[in-house]
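After this come two complexes, each holding chain A, first together with chain B and then together with chain C.
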Partner chain A sequence: MMKKTLGIFVVFVLICLLTAALSDVFLRPQNVENLIMRIGLYGIMAIGVSFVIMTGGIDLSLGSMVCLTGCGLPWLLVKVGWSPPWALLVLLLVVLGLGWTHGWMITRWHLQPFIVTLCGLLIYRGVMRGLAADQSLGFGTAYDGLRWIATGKIPLGSLPIALPMPFVWLVIVALLAFGFLRYTVWGQHLLALGYNEEAAKNSGIRTNRLIVASYMICAFLAGFAGLLFSMDVNSAQPSDFGNFYELYAIAAAVLGGCSLRGGQGAVLGVLIGTALMQVLRNMIVLVFPAQQNMEFAIIGFVILLGVLGDEWFKRYFAKRS
Partner chain B sequence: MSATVLAVEGIVKGFPGVQALKGVSLTVARGEVLAVLGENGAGKSTLMKILAGLQQADAGKMMWQGREVHFSSASQALKAGIALIHQELNLSENLPAGANVFLGREPQRWGVLDRRQMNAQAQQLLDRLGFGLPAETAVDGLSPGKKQLIEIAKALATDAQLLIMDEPTASLSEAETQKLFEVIRGLQREGVSVIYISHRLPEIERIADRVTVLRDGENAGELARGEIHHDAMVRLMVGRELSDFYQHQSIEPGPEIMSVRGLRTRAYPRHEVSFTLRAGEVVGLAGLVGAGRTEILEALAGLTPAVAAEITLDSQAYAPQAPYDAVERGVMLVPEDRKQQGLVLDASVADNLTLPSLTRMARFGFWRDFSREKACADEQIAAMQIKVSHAGQSARQLSGGNQQKIVIGKWLALGPKVLLLDEPTRGIDVGAKSEIYQWMETLVQQGIAVLFVSSDLEEVLGLADRVLVMHEGRLAGELSRENMSQEAIMRLATGGEGSF
Partner chain C sequence: MTQGFSRLVFWLVCGGLFTACQKSSQTGDTQEFAFVTNGVASFWDIAKVGAEKAGTDLGVKVSVLMPASGVVDQKQMIEDMVIRGIDGMAVSPIDPENQLEVLNKAAASSKLITVDADAPKAKRLMYLGMDNYQAGRMAGQLVKEALPQGGSIAIFVGRIEQDNARLRRQGLIDELLDRSADATRFDDPGTVIKGERYTILGTLLDQFDRAKAKTYVEDTLTRNPDVGCMVGLFAYNPPIILEALGRMNQLGKVKVVAFDEADETLEGVTAGHVHGTVVQNPYEYGYQSIKLLKSIASGDQSVIPASGFIDIPARLIRRDNVEDYRKDLKAKLGQ
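Take a look at the complex of A and B:
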């Protein structure tokens, strides 16, 4: 596991060095701060989806969850007129409920995770577009206090950059996830379930509960990230807010060493995977501004290379040991 | 015996950390059945893989039909006429028998599959094996015995002159085994040679012309036709005398632990099965494959909940809906397919051993207590004599016998009341078998009730205090230790008559 994380870390460092060499904007405080903030936002989602991937499942509805809470918050506050605590509570409960529903359909009715969450992807965005009449939503100039949880920055003494709040949230989420996986019985059960669900079940583990919990964790973190995204940009368009975010999250998790066949996951790897993805996007903007439209293609190739390299590494080590 | 077709000499093969073969030799004559025996880890499988081209020897010579050969792939060996029939059958369940026989080598006509030609040729091969199975029959739903025969037809379709059969009878019933032996004898008459690997010594007494025994990657000895006896084989395999393989001593059974009334399984919802288990009792569940034995164990362990049943455990109602219900109440299953159902192969030995009891060892029921877990794993490794280099070794790397000890060992920390064992010693070497038997003895003396399924009649007779015999989902009868015999069991298992 460490070998794997090390491999992706080396690639991450190389890409950072390369970008720094090719662009003098890359290391400017403003850019670094921005990068760290985006790593925070996407990292929270990636950790969420890594739980689902560990069970051998997938959650394609993340982007729509982001849309649901990200557009839902300004809609509830500004258009409907709810108070912030109520709006936040209800939105988070809604995404938890949706996560539970995914898990329930997958375990109780044996539906394919791919299909269940694909339908989720279509439904949640559709509902949000309907509710908001496809209007662009924002907080205007109000709610600055609330928005601090996403836009706030914690100064770092004499360093030229301040720590963006989303990154602070990511650190908290990552520590909790790490503790869960490493130190609780459930973490070990989850790992066993990912490797061999049948054997785990036969060992007296309540595998269905664990799977449902994984989808709930995933949905909750996506919903939470959605709130942060929307508070940060202060403008959300239901038709495209959070579009394709599930792919960024899944890609980061896979790059970080989560096998889509289940059973493997390391929080640190997922974090580095997320960082790699964001630095890559940053590099495309800074170094190849003319090729910005090729962003998806370039990212696609890098992920493919990453996965191929990973497979190659695995075989190399399997031969040696 | 006529001319030698295969002669291998001084085969050496090493893997990182293990020297699997240290210079093994063997010969096979035309039309001969050579049994290759050895404990797990003795090097049989490696040798067979080398013969069939799946692996390459580091050193040694292999003469096949008078010419020295070096196979670098299975297809080369196949072309030369050596076919390996795997222990796990490799059939495409969704295709008919004929298509399976010619899978990958389908007869073609102008580049299009010639189905008529294929079925006709397949039919010829199937008929040659002497069982009336139409080539159009779908494979799924066939008995393991028939699937085995299709595998053989598949090998014959390549014009194989040497068939290597790895544990061919592992999932066959007695009658199917009998049928397979007839097929082997038929092939022998046609000049086909067979290398036969099995842990079932009585079968080898029946079918082998000669026995070669491997031990620790070396030739341990050879037995000619007249010398093939159970004790002689065991002696060569383990390198010591096993005075009595089964040392089961019936103890006075204690109070009734489990009573099963009117159990109807999903597989046989119309048949009711009733029986009781008492503390300190070993009860065998015999019958042909498909008779509904596994289904009973799975219902009792909550894997596939029963359609209906009135079960009491320690005089209290017991209706497990999932394995955790059963485990909670002390009913634990060692399943038939240990790799898929019993073990997390990629996890470590220690992780596998502690998996069911993690919650009980944890602080506040969820915070892991690593030192207790380690102590628990070490204790089970020592108690079950599991041979590992260290507790963190992955379960995949262990031999079948040691893997099975993990599957049994992981329950011991939980204190089972009823232990359900499904084919507990299938594919396991003699040494590990006798260790597992000893463990069953210890458990029974502690007052645990054991219910086990086995297709190995010798094992059933050697271990059980009582045998329940199943036939097509019904309980055909019960035999006490006094009136147990292979014949009596088979008579009940086949529904009275000895039909296939």
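Take a look at the complex of A and C:
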């Protein structure tokens, strides 16, 4: 596990050092706090999708899930008039149900995950746009209590930064994921299934159940992240909320050592992958604001570097051992 | 024999279909007009109310179309309307320079006017909207009021390719630097522009991703803790600026100058967190577009002014007139 995340960790540290050298405000407490907050929001999605990637599948519907819950919450609360606990419960049950449907179609009908979730990408955003009639949604000044889930901060004693709630959620999610993969037999089965589905099946693992579960975890976490995103920004537009977020999440997961062929994955790596993407975006605004239109190019280039570095480390260790 | 018979049937069916098509495109004499926006926004919801009101007042059919995914989507909508054989359309082009082809196609088969953003090179009959450059200069005046001693300014907007964004921004910068009026000037969004009293730190383009827009506000504050004023050029930018400032305890400390009339923006004006906002008149955009199109399509060319431009001027909303403005807005939206 250490070997796998070493390459990306080195790139991450280098980028942080570079940014700190180029910008005297990068390490200011407020900026660090902002970054931790963003890592929390995007990291939850990335951990979710890494479960699916570990089984050798893919979930492209993530951005639309974010849209569904992110726009669904203000819509249900403000336009429809539901109470917060009810709205939260229903939305999370809906995304769990959608995740189950993805998994069921993939295992029962042997449909390609790419196709099933691509249709999800189109359907969920479309439905949300229809429901909300394309209106911009927000919580206004009401629901500040509820929004504490995303906007709250936990002070850290004498430290100059406070811990933003999304990061607290991420830590909880990451610990659960780590514990699941490391210490439960299902976690081991999940990796075995991703590595070789036939072999896993033949050795008596109920692979279908695990695949369905992984899509449910992914959808649930994406939906949860969507809730946090919209509570944080306090403004959501169904036509573009969460657009392309599946790619941020998939990139972070792959950067963190998940193989799109399945069978590999490390929670710590996914967290570092997410952090790297956010630091890069932050760096571009802080250090090279004139190049902000090159953002995607820079991120793409660094991802490529990270993956290459990873490969190089792997071969280096393989030769030595 | 049988071959001859089937051939006869084939031609009969073709003929039948042809006349049916002819008929269906002519059914009723109700004229039909379209209003194509440049995206999905509450701003356009108000225009929609205006356009639909004009439709009922004048007894014509009105479709309001809002492309959600940018220029490709808008092109398809315009093409579909052309195919449908519509009598006229008002379009707010997303990228006027590069959409000439589709705009000219629409102009060739129907009556085309531009609204909100102009495409002067296209064969549109006229442009109805606000002089965005002047509106930018008005926003510049608001900044000057908010920061009479001078200071640094950051600008936030979704996309700079759009004429309205480019002109608003240029008007704002030119006003702050006390330059002469020249709408063709263009300062690079990334470079710091230093004037005598005011410094423009940069223009941040979020491509309509709101979460990203918020991170840009935060990062700007981190990079320039002494920023004096933030200006949001599109309707959704000021509420996000307010959200980010609120979370960083900077409300009221960093001045905000806004465009358009999002609820949060107007609440911010009332609360004193927003110094003022430059508002257009989207209701009139919708209403007047349809009214003008109806006149033109009925053969009355006299409504087209020689300049090809009908100005629906911007207004400044500050704390003293914000309540009246809100009431009027609510009445128009029937809330």
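The rule is simple: the second predicted complex is superposed on the first by the 321 of 321 C-alpha atoms of A that agree within 3 Å, B and C clash if a C-alpha of one lies under 4 Å from a C-alpha of the other, contacts with A are read in each partner's own complex, and residues count from 1 in each chain.
Everything that follows uses one rule, which is that a residue touches a chain if its C-beta (ideal position, glycine included) is under 8 Å from a C-beta of that chain, and two chains touch if they have at least 3 such contacts.
Every value quoted in this text rests on a predicted model; they were computed, and no experiment measured them.
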Fit or clash between chain C and chain B when superposed on chain A: fit
Touched partner set for A:T141, first chain B, second chain C, both or neither: second
Which of chain B and chain C A:W104 touches, first, second, both or neither: neither
Chain B versus chain C as contact partner of A:V25, first or second or both or neither: second
Which superposed partner A:R206 touches (first chain B, second chain C, both, neither): first
Contacts of A:S239 with chain B and chain C, given as first, second, both or neither: second
Partner chain(s) touched by A:N282 [first = chain B, second = chain C, both, neither]: second
Partner chain in contact with A:F178 - chain B first, chain C second, else both or neither: neither
Chain B versus chain C as contact partner of A:N293, first or second or both or neither: second
Touching partner for A:Q188 - first (chain B), second (chain C), both, neither: first
Between chain B and chain C, more extensive residue contact with chain A: C
Three-chain overlay, vertex chain A: chain B-chain C angle, C-alpha, nearest 10 degrees: 130
Lowest C-alpha to C-alpha distance for chain C against chain B (Å): 39
Of chain C, residues touching chain A in the complex: 39-42, 45, 66, 68-69, 188-191, 202, 204-205, 208-212, 214-216, 218-223, 225, 236, 239-240, 243, 247-248, 262-264, 267
For the chain A and chain C complex, residues of the former touching the latter: 23, 25, 28, 30-31, 34, 38, 41, 129, 134-136, 138, 140-141, 151, 229, 232-241, 243, 281-282, 285-286, 289-293
Of chain B, residues touching chain A in the complex: 16, 301, 303, 322-324, 326-328, 333, 335, 340-347, 351, 355-356, 358-359, 362, 365-368, 410
Chain B-facing residues of chain A, complex: 183-189, 191-192, 195-196, 198-206, 263, 320-321
